[in-house]
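Order of writing sets the chain letters: A, B, C and D. Residues in each chain are counted from 1.
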């Protein structure tokens, strides 16, 4: 199963008055990691992915995180991302953030392959994920 | 069980290129709602709470969200927050975000009552939640 | 000259490890205040403004801030916003953030009235600001 | 004069409904670039810098940006940062963000070398910048 690794430098502005990462930032990191995983698998970036598959996006229906160990500004952490499960039009991405050898944060995202509704660009609906996309992650 | 309501105006800068709220912003909203809930229950703000109870903070060990319906800039949504469960040193906060009458997002936060370790201001550990705090939410 | 006031509660997540507002958050506040100013003047929100005037947005060409006094989480500050100057297709918005009676931050934004280029929704160009818009701020 | 270059990948979550970088994100990028510049010059990260020089931080008194060309998600931009001017206790950092060969954004930050006030960890004041710091940027 294809996975992707990404180094993230924890910035001053990502940290709260307690001196540790403000937890919504982890969800931001993971969103960027999902995009990087798809870029890695497909060979082209998200902007290109939206055009080629004529999709509106891959919005979330569920997100969760377990925070085991805090990180602070100046830390360089590593995130390992993979698709855990493919459904018909939804899929689940797992992110594991390591601080050194320690598993610091675990995140799960359930996302939906979403296309525009013809005639109404402001609306969107789920759509079966193309087989050629899934195959790229094998 | 004490609950707190808060109106939130969805801002342009909270929304992504798809035109809907970028999902980590919901976790930011909910963090602010938890602080508002404690402010409402205790009668004083978080800064005062940290001082009076000599705590370092109430960091998260777990966070999750279910996204049912998207919101967009200009929307005014309402969040209803309550503590669902009190443990010895941890507690669970539930947030329900409504767009009109529709339940749009549901969030859960598991947080820990955390104190500084004497002699080392950069470290912290869990601590039993004072009874007087819990009683304020009855 | 029409002005608009807005109260802003400084949130935990807006503050840095030093305990004060991370400065880019002021620019976020001010962006929301500009949208609120236009909403107040025109009588309808930004989403409606984009549609009615068929504009792509009011992006910035210049932004600046002077930070006189820091604010911290729990503070409730007040922002006073007004359009200082109207050009043909650009305009300058002034924001003054008060902490109590103290002028804490002053910001200026130079923005451009921007329309889509027919046939290419991904591109945009400046366009003269409609007189009916400017008149609403008198 | 020492300068530092940094590549930044524009993320989906950094962009607004118009599809371009929400402008306060540029100030976030530049804050991280200033920290990277000091890290590069001094040879150790900001957390270490705060401890070694017993400073509270390097907060801003002024920030400004000129936005020439927008960037969008998927773009990889390059920021070139340098200290333009050293005062007694303040200094000015210049950031130039390039999209390919094009100068897309120019930013200036005026910052102050700030130390804690003995006996009151919540307050701070300006302090002359150590010569050994300035010399590292020569």
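Here, a contact is a pair of C-beta atoms (placed from the backbone, for glycine too) under 8 Å apart; a residue touches a chain by one contact, two chains touch by 3 or more.
Only a predicted model underlies this, so the values are computations on that prediction, with no experimental measurement involved.
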- Taking each chain's C-alpha mean as its centre, the one farthest from chain A: C
- Message: Contact counts by the stated rule: is the higher one at C-D or B-C?
- Response: C-D
- Whole-Å gap separating chain B and chain D, where each centre is the average of the chain's CA atoms: 31
- Please report how many Å separate the Cα centroid of chain B from that of chain C, as a whole number. 28
- Task: Give, as an integer number of Å, the spacing between the C-alpha centres of chain D and chain C.
- Result: 23
- Query: Where in chain C do residues touch two or more other chains at once?
  - Reply: 12-13, 16, 18-19, 22, 24, 28, 31, 72-73
- Interface residues, chain C side, partner chain B - complex: 9, 11-13, 28, 31-32, 35, 45-48, 72-74
- In the complex, chain C residues that touch chain D: 16, 18-20, 22-25, 27-28, 31, 56-57, 59-68, 70, 122, 124
- Would you tell me which residues of chain A are touching chain C in their complex? 12-13, 15-19, 22, 24, 72-73
